[in-house]
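In the two assemblies presented below, subunit A is common to both, partnered first by subunit B and then by subunit C.
Showing the complex of A and B:
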């Protein structure tokens, strides 16, 4: 019973964090048509941001404003210098953001070195939940992520900006013809996407090994989620995240980490082969 | 022959490289040998990326598999060539088959150069890295497979260097041949307009998977020589870092060129060996160069070199086709019987086709008319396999079409011209015509034979006298006017001599003189080939001249069908067109 509860909590935690990591990629790919190959590198930037804050002797929570600022600046610069020239040229954005990913990796490697780093944040202890001790940090994170998704969902449905974004996604030419500044909106969307990735990096930083190549894993697992869940809906994103996280957690526990990776990769290839639009396709 | 003229470039490069060990020392030969091996892998990437338009990001996987297989064989079999040769074949064949298989799965329903394929290859390379690290009984784990002996009988780096040059020459000549054969021309067509190629009946997913397989085989070959060259194979040889570098070398060297990627690998390799340890930001600079090259100089160094030294070969290679081999014009025609049995098509909440039922059982020309949004083009889309129907049944000559891919439908003798004229703009008029002639005629071995370039048919001769610009065969199709593109596209649609021809607004965008020319062409060419043609048209002048049978569609169903006079007097049709309400 206790084992079951722990496993379920682990599964919920893995799903929640994965969903947070995917969100930015899904937004940028789903709304702007840009497969941001440097998505994982923004998660990495978030984690390194937390490291910098720690090295400066500040409280862990200062990492949040610091990383947000960092991601806004870097995201703005990248959108301005590269991405905005390439909307509707998907292959070129793939190449450019791939180059960007290499650039960010190598830049971080040149500054911080190639070796593993970690955050020595003493996390709050454990909490009694349904008869098991579970790390409080994880529970808080699950709650915050759920709250974050709910508020984004409601905001997107109710707000004017949400409606403008929908207009831009469905018909960019018409949207700009009726006075929506699509260039501005696209830039904000891009920056918002990379900021969520950066925040995910901060949230995960105390629990993972931090190194210049950590982004690749996040890029790939996010991509697996999109393949399985399908593009363009929150249900798809959450279902995809739970399928991928569930498969990974289960197979990793039963066989090995590599086994879990093989399982999700095989699942993604099968989806691309048989059901290329995922479980929840927007059309 | 043109092939031998073009082959002189790799020959010249390799002959030039032969002298390196005499001029410089052993260490240079060792380094250069390594970079040339990397260059071979980059050449394979260029075949996929520059030629065909999809980007593999995990090519080191295949390089590493080749290296591990060869390393294990050399360690186990020592100097027994009888066992080594089959092992080397495995080192090439295994990566090739693996790539082909993955390509077939991923390309099955993916058209174009979407990011999915690239990400899957990246994921595979990371998986390879993990396996190489953890499967230590076979690979030696993190420390790698060590103490790999050299190739038997080849005891110095100079001698191994000549082996590498031979492999490079072999790979380059093979790639050159493949690119010049129909196979290569079809790969270029995929990069240009994959959808259109599918309507000619080519299984583009298979072609792309084969190109990927060739590139992986080449990477395996390079890896197989890498193992004895280095004496050690570590998981790095499979990993994403090396994979990313392969892509960078390909881009910087020139992804559209044969020898450019080799140049990129050698140049960056030597620069890196000099600068990597002294200049901390070297790799950052390389990444920046990659971004700039990808966005601003897609031709890379090769293009730069070509600008400085204009190639003679380029000019001599351009000559009109000598079409000397006349092939049979008409094939056996199946019975003309097209049947839509209560076909429904829904996309989301929208009903596009609503219980559409129609029968076409006679040869000749049939016209579909109807207001915008009536479902005319969607009818073609479901018929040609572009859109899956949600209910009902479509059959042609007794064969049910549901669930077939676009190319499978086309193979049944159904040829379609899209509404917007779509020719392969980057290819010459001759090459466009080649592809249309090959539709439904190219057998498996013809893909790798030069003979199909000489194919000629009676119909082609007829079309060339009718449309004079077709004689100007070496001009790129991209420079043609809209009217000429329509005519080229129309000609291409008929050249495969399909039994069912679908023409979507063949006269759209034509001047009135061109329209008259086109009407005449349709009438006469269709008469000549004896096909059944279905034409979507808004221009009543065209309909009246061409058709003995008119079908009127409205809101996804068939409103009326009959002769032009019948349709004119039909009250329902009058209501739709003149009544003001839809």
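Showing the complex of A and C:
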């Protein structure tokens, strides 16, 4: 019983964190068509941002504005210098962002070194929930991520900007013909995607290993989620995240970690083969 | 003097003087230096240890050269990257061996690379392997100075059992031969100490989520966990382990948790964490203190932190010197005859070669924050080698 509760909580937590990590890629790949291979490195930037804040002796929460600022600057510069020339050339974006990923990894390595870093837990300890001890930080994070997704969902539905983005995604020529500044909008969308990836890095930083290569872990699982869930909708993203996390948690709990990994890989291949548009597809 | 003859004269003088200088320095340093290939990971997952290893090896080379070198010849180290797959490592070693005429090799890398290298060298060139490993390497011409499972676990598991009351052990490691072979040995020592194994798991290197493992460890009722995860996997596992509150009641023992890994695990996650090794950066013996002081005065405070794998490269060079002096030459036939019983003194203490391995001191350290504190020293531990 206790094992079941722990595994259910693990599943919820894995889905929430995976969804948060994928969001940035879903925006940049799903809306702008940029196959962003540097997505994991944006997550890494967020984690190193949290490290800088910790080294400066400031409270963990200061990492949020610091990383947002960092991501706005980095995102703006990358969009301006590289990405804007490559819209609608997906293969070129893949190569360019892979190069960018290497550059970011090496840059971080040059500044902070290859060795592991650690971020202190701001909310250490566990909380009793349905008879099991579960880490307090994880529970708070699940709540915050749920709130974050709810507000994004509502904003995208109701706001004018949301409507403009939808117009730009479905028909860019027509959108600019009716007076939407698609170049500006695309830049903002890209920066927003980078910022969510950075925030995901901050949120994960107290729980994971921090080194220049940490981004690679997140890139693969993010693409798996989008393959299963499909591009262009929050419903798809959340479903994809829960399917991938659910498969991993269930098979890992019943058989082994290796089994879980194989199951996720098999599932992604089957989706690519039989249902290349994923479960939810807007196109 | 016209311009042409001036140039001619000037050239002649220059050539003569460089020639003379060459002859002079040549005789002063004892003709030709001994080229030693030092094979370390400068890329890939082990690349983290490359810098400390290179620094430590260079330190040993400089110290030995300052005292006249090996058999009167100075050492000329040539570093090469073996952090990639074994096929690349073989190519790198072959270039040094046949191309640059290297006379001896010192290697700190994984076992897959070692297997490829012993196959390449076929006992025709002295090869010193310095990394902690799973044991039972008996190839001709190969000399192992790294710790083996019998050294790291045979004395340590009974200590943990009696001092920490550990009886139900859970074994978790990455999925390759070092963790699996270590655990085969560990199971014997656990049974002998009156304990039992309640779980055994091997994870892929890519593992970054340990939730299912922790749930299983918790429900198994284990009171001790033997960790043979490597690098980043060990960091991630230990962080998650502590966040679930397991570190209060369950003892952790690792055989490859060195200073870098502990820094990644973090001070608040290192409660009840033990590590067994031949070397820690702060062991309190005259040899170890001198080595740490020399290292920091040579490379400064910002240099790659000292750790057991980096230190092993220092001892590799010391051991090569001891081996060559014992044999009176660097010829493989002489070294093979003389290797048994070769003794040297390094930061770990005094080590003696015994069936291609060395008996050495083993330190059991407990993590205090992000530092290790030695809680027990086991002297002159037998490597349990089965080579003859």
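Assume the second predicted complex is superposed on the first by the 272 of 283 C-alpha atoms of A that agree within 3 Å, B and C clash if a C-alpha of one lies under 4 Å from a C-alpha of the other, contacts with A are read in each partner's own complex, and residues count from 1 in each chain.
By our rule, contacts are C-beta pairs under 8 Å (C-beta built on N, C-alpha and C of every residue); 3 or more make two chains touch, one makes a residue touch a chain.
Given the structure is predicted, the values throughout are model-derived calculations rather than measurements.
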Combined model on subunit A where subunit B meets subunit C, clash or fit: clash
Subunit B versus subunit C as contact partner of A:261, first or second or both or neither: both
Contacts of A:98 with subunit B and subunit C, given as first, second, both or neither: first
Which superposed partner A:59 touches (first subunit B, second subunit C, both, neither): neither
Which superposed partner A:7 touches (first subunit B, second subunit C, both, neither): second
Which superposed partner A:133 touches (first subunit B, second subunit C, both, neither): second
Touching partner for A:209 - first (subunit B), second (subunit C), both, neither: second
Against subunit B, colliding segment of subunit C, chosen among 5-13, 113-121 or 185-193: 113-121
Overlapping contact positions on subunit A, where the subunit C interface meets the subunit B interface: 213, 217, 256-258, 261
Contact set on subunit C toward subunit A in their complex: 47-48, 175, 201-204, 206-213, 215-216, 218-219, 231-232, 235-236, 239-240, 243-245, 260-261, 263-269, 304-305, 370
Complex contacts: residues of subunit A adjacent to subunit B: 35, 37, 82, 85-86, 90-92, 94-96, 98-100, 102-103, 106-107, 109-110, 213, 216-217, 219-220, 223-224, 227, 256-258, 261-262, 265, 268-270, 272-273, 276, 283
Of all residues in subunit A, those that touch subunit C in their complex: 2-3, 6-7, 10, 13-14, 113-121, 124-126, 133-135, 137-138, 207-211, 213-214, 217, 248-249, 252-253, 256-258, 260-261
Subunit B residues touching subunit A - in the complex, by the definition given at the top: 53, 55, 57, 102, 105-106, 108-110, 113-116, 118-120, 122-124, 126-127, 130-131, 134, 240, 244, 247-248, 251, 280-281, 283-284, 286-288, 290-291, 294-295, 347-348
